[in-house]
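Naming follows writing order (A, B, C and D), and every chain is counted from residue 1.
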Amino acid sequence: MKKTTIGVIGAGAVGRVHIKNIMRMPQVRLKYVADPMPEFYNAWAKEMDFPLAVEDYKVIMEDPEVEAVIICAPAALHGDLIIEAAEKGKHVFCEKPFDYDISKIKKAMEVVEKTGIKLQLGFNRRFDKNFAKAHEYLKTGALGDVHVIKITSRDPKAPAMGYFTAPGGEHCSIYTDTTIHDFDMARFLNNSEVVEVFASGSKLINKDKPEITRVDTIVCTLKFEDGSLCVIDNSWQAVYGYDQRAEVFGTKGAVTVENDVFSQATLHTVEGIIGEKPLVTIEDRYGNAYGAEVEAFIKAVQEDTPVLVDGRDGLMSMLIAKAALLSDQENRIVKISELM
Amino acid sequence: MKKTTIGVIGAGAVGRVHIKNIMRMPQVRLKYVADPMPEFYNAWAKEMDFPLAVEDYKVIMEDPEVEAVIICAPAALHGDLIIEAAEKGKHVFCEKPFDYDISKIKKAMEVVEKTGIKLQLGFNRRFDKNFAKAHEYLKTGALGDVHVIKITSRDPKAPAMGYFTAPGGEHCSIYTDTTIHDFDMARFLNNSEVVEVFASGSKLINKDKPEITRVDTIVCTLKFEDGSLCVIDNSWQAVYGYDQRAEVFGTKGAVTVENDVFSQATLHTVEGIIGEKPLVTIEDRYGNAYGAEVEAFIKAVQEDTPVLVDGRDGLMSMLIAKAALLSDQENRIVKISELM
Amino acid sequence: MKKTTIGVIGAGAVGRVHIKNIMRMPQVRLKYVADPMPEFYNAWAKEMDFPLAVEDYKVIMEDPEVEAVIICAPAALHGDLIIEAAEKGKHVFCEKPFDYDISKIKKAMEVVEKTGIKLQLGFNRRFDKNFAKAHEYLKTGALGDVHVIKITSRDPKAPAMGYFTAPGGEHCSIYTDTTIHDFDMARFLNNSEVVEVFASGSKLINKDKPEITRVDTIVCTLKFEDGSLCVIDNSWQAVYGYDQRAEVFGTKGAVTVENDVFSQATLHTVEGIIGEKPLVTIEDRYGNAYGAEVEAFIKAVQEDTPVLVDGRDGLMSMLIAKAALLSDQENRIVKISELM
Amino acid sequence: MKKTTIGVIGAGAVGRVHIKNIMRMPQVRLKYVADPMPEFYNAWAKEMDFPLAVEDYKVIMEDPEVEAVIICAPAALHGDLIIEAAEKGKHVFCEKPFDYDISKIKKAMEVVEKTGIKLQLGFNRRFDKNFAKAHEYLKTGALGDVHVIKITSRDPKAPAMGYFTAPGGEHCSIYTDTTIHDFDMARFLNNSEVVEVFASGSKLINKDKPEITRVDTIVCTLKFEDGSLCVIDNSWQAVYGYDQRAEVFGTKGAVTVENDVFSQATLHTVEGIIGEKPLVTIEDRYGNAYGAEVEAFIKAVQEDTPVLVDGRDGLMSMLIAKAALLSDQENRIVKISELM
């Protein structure tokens, strides 16, 4: 089996999900993991017989054997890392979001274009079997023309306080970090582009913490070029689990996507009929999707075919996220064209 | 058993649902039905052994035996009919919406207040077992503080062309006729009042009919005083049936309300696992709720207790509907306070 | 509307369900209710404006105006009452089971045949929307040839001690009183006749009551003429509600029938995803089916068409029940032909 | 990480599922695969970078580095292979069934006892998350005393004709090959032992093939020592997928286990509400369970703890299977004690 040699930049939570998946793929040789703080990664890696981390990601960039890199570094560094890798002729799989800086995104897209490398963005939910099936119904025409899309994404637990001081500064909001998945999903589940955004957020989970000013619960409405509509709601804290649902409603019917749950066992008692809760951790819920997106990327590299989630998908989702943030801040409808 | 003597004004589709239900209630004596075009009603009534219609509703108003009236006339006449009945000392059950004219609504509320009669508005969905259970979970505290409400109402079939020329004129829109149910539901499923509305509609079902200008597919976002949020989506045409769902998400959990379906039989074949569709007609889906609301009204009359859906509920839902219409027309956020 | 004049014999629990339903049917005039202990019925009847009971059922039998009778008397009297009514030229709707005495059943069938009256047996579950849909899938060929039928019937609460000393004597067992519904259902959900029965019962609910000897939990296997198989399980006590399910599996697929529940509301909490329990009372669960079977009977009478559940259905279900009882007692397979 | 060195004997369908799983386990070193016809295995193994097969399983038996063997050879050879491995001091994970020969099973159990090696039987369904959850509810007491167990196992596609001439001769029947999983499941989902068996089979799928005499559709009733009852139904051909369900009903409630399906997407159309079908292949459906059982075995070996499915479980399931076969052949109830 042909093996593609890769390096992973960033060995945090998502990085490790990728590393674990990659180690099971016979078509990939993971040569390096790079992380500025390898001490947080190496004990686990040693236990798992996985590659130990180098501190300097330049080792990966400089090694001509490395054909592709997987970027799991902080989002604010994505654009620069993509540019650097592309200039070294390495294909890039980059975690979402593309970058917070639109001009950096555009520049990276130019370099990718010029160098001809493959760039795939890490919108893993497109590879989740549930949402992929909804997309399939869209593409086969089973839904007819799309009229309304509904997306619900609720995290099981609000991020730790530290999250609010992480790199990203003013742009690191629920819209650019969490809802951006849903903005990409909205585009994945429709055949039209977003033209208008209205977003309204509230600080509800952290109501009693004056030191936090960011909203944690939002609803967002998108209007597409063809008049179809999308409603997204997000929360950072659903006590019953990681709530990830979607629905596409069209002229011929609708598709609904429900949660993956722990098991198909249901308890029937005098208290009620008690089913299992949604899966909680990102690895349980989206572990397979993380694996599938990397396999698709490697396939695109090995067979020289287009990637399934490209730079433009990364750009559009960030534009919508920025429009949403602006809409919430100024309490008005924002057109995507204002930000282009 | 004590019997309350009533008259029904208006024997159209909804009127007949009420008449049929009332004829089964031992606690009610239906003395009259009034309709300006009795020829459309009387054949059915004769077959069912139900009271024949009188043409002039004044017969009901003038008869001192009639203790209560049920108003199923066109919405634009509601306010005047309520005032007239109240002045005759008759209790009133009035179909939704209250009226399109806010000043008429306010005047009717004053007369009701002054005469001391009972006025119940026909927001029947509050009496549907599914939504009633969601409300119960809200009231028992099982959901904690409400953060997000989601409501989906889709009709199985768009109204006939005639609908677009019915009395009501400019105010007869999807917001005042259909979404008004959802605006009431949003208030029923929360403990806070609506302060801000954003609505966005598209003409999608009737895309190819230039003679129709009204939108038929809408999404609407409500913000409540306590910061909680609500998203509503409506369509006049869901090919798979009458789609009526809701969801309330709070700090302690969520309640979801799914559709009532034709039966619990599921077919498992090589094509897929095929469940039954949602109930289609208003009588199938909400027949019981229509009965329950009238029984509650009669109980309030007989026992002199407060009604469960009062004039203020009728006023608030119409204010929200007007705000939504304005929001859609002017593509901006509208505050309820602007219309008060 | 044409009205058929009827009398009801027996005003116990099931009798009242019928009486309540009948009072809502414009096509029926309920002239009499007969019950040997009217004092237990009349207060309720007076409150509901329903006919008061006469003590002697002969009043019904002797009145030439009465076209049809509904028999809700104890099962041991069914055969004799049917014969008496038939000889008076009255159509008969008789509650299940037909009778415990096979020779009495056969004699009644002869009299029915000779007099030409309509006799319908009260296997109401055939008229339940869920099981009726499964039957429809069978008849339209959607299931192909039937291979396996599964039926689960569990009562929410074991009958009171008094049940064990009620008329019926030795024949009054779970097989002849409860499972008989399932034996009829098995025949309703297949195109072949039962030839062999194996039943195994245990006394589990009443394990600690030595004074009770009857089994309360059973499984029963039926083999049909064409080789298809059926498994039935019964319990008199399911703490989570009235559990009524069935499944038919064939060459082209399967149909499963799940329980009717209180509402479509589901609570999602940190404890689990909690759905509503199955409906509990016979009136909640099968009220509509009781109404539908009587409407079908009246229709057969008024239009002179065949009844949908006839004497042979009553005979066959009792033969299977007796075979099951014998199988359990002698711990062996029993052929239906042994009892014919 | 500590690594246990193992060899796999038999590289057929189930063998490969194990090999694929094992290659992903950092705690295992797969040194050998043995198969008498390596040409059917080696191309795949080479592609996957997996160990190539040796022809003679003795290589595994003779290598002192091999600590444990996984036996996936034909069932008729299981007993002898277990004995041989045990005598070489190697731990054994053996696919189901234990063996068709009861005396061979007993001899193997003696050798295992004497040598002190670990022997785990491959009843993988115990490790499936759905059935494991049902077992957990049983063990935590959530169900109270068990009254009735229901198990449905239907294969998506009947085995090829060749199956009917495979090693195993007269004993290779649906009871010993397929239902044996359910017999083990029945014991796993109860706290009592089986004492009596009644089985009834029909040749329905292959009705038109006179050359086949074996039954392909069966129902089987088990009675346990404490009076609780179990019904199992099997079919070798469910056109809608691999149908694997179970239910345990007790004094405090019930647990139902439904199928794993392809995705949580549901299509709502004018034809009906169409959900996804059950997973079809053994690897899709039980791939995780196959992995989990081997991980549990390796854990028992490394930590010297008892295995979760032992020789007695293998013996009891085969005794029940033989009793079922006899019951079907002689159309009578068979006691387990007859076969001991």
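By our rule, a residue touches a chain if its C-beta (ideal position, glycine included) is under 8 Å from a C-beta of that chain, and two chains touch if they have at least 3 such contacts.
The chain list, named the UniProt way, goes like this: A, B, C, D = Inositol 2-dehydrogenase.
Everything numeric here is computed off the predicted structure, so don't read it as measured data.
*Asks:* Looking at A-C and B-C, which one has the bigger number of contacting C-beta pairs?
*Replies:* B-C
*Asks:* Starting from the Cα centroid of subunit A, hunt down the chain whose centroid lies farthest away.
*Replies:* That would be chain C.
*Asks:* How many angstrom lie between the centres of subunit A and subunit C, each centre taken as the mean Cα position?
*Replies:* 57
*Asks:* Rounded to a whole Å, what is the gap between the Cα centroids of subunit B and subunit C?
*Replies:* About 40 Å, centre to centre.
*Asks:* Could you say which residues in subunit C touch two or more other chains, in rising order?
*Replies:* 238-240, 243, 252-254, 267-270, 276
*Asks:* Would you pull the subunit C residues touching subunit D in the complex into a rising list?
*Replies:* 145, 147-148, 150, 152, 154, 196, 198, 200, 202-205, 207, 217-219, 221, 223, 227-231, 233, 235, 237-240, 243, 249, 251-254, 331-333
*Asks:* Where on subunit B does subunit C make contact in their complex?
*Replies:* 1, 24, 26, 47-49, 129-134, 137, 142, 252-260, 262-270, 276
*Asks:* What residues of subunit A sit close enough to touch subunit C in their complex?
*Replies:* So the residues of subunit A touching subunit C come out as 238-241, 243, 261, 267-277.
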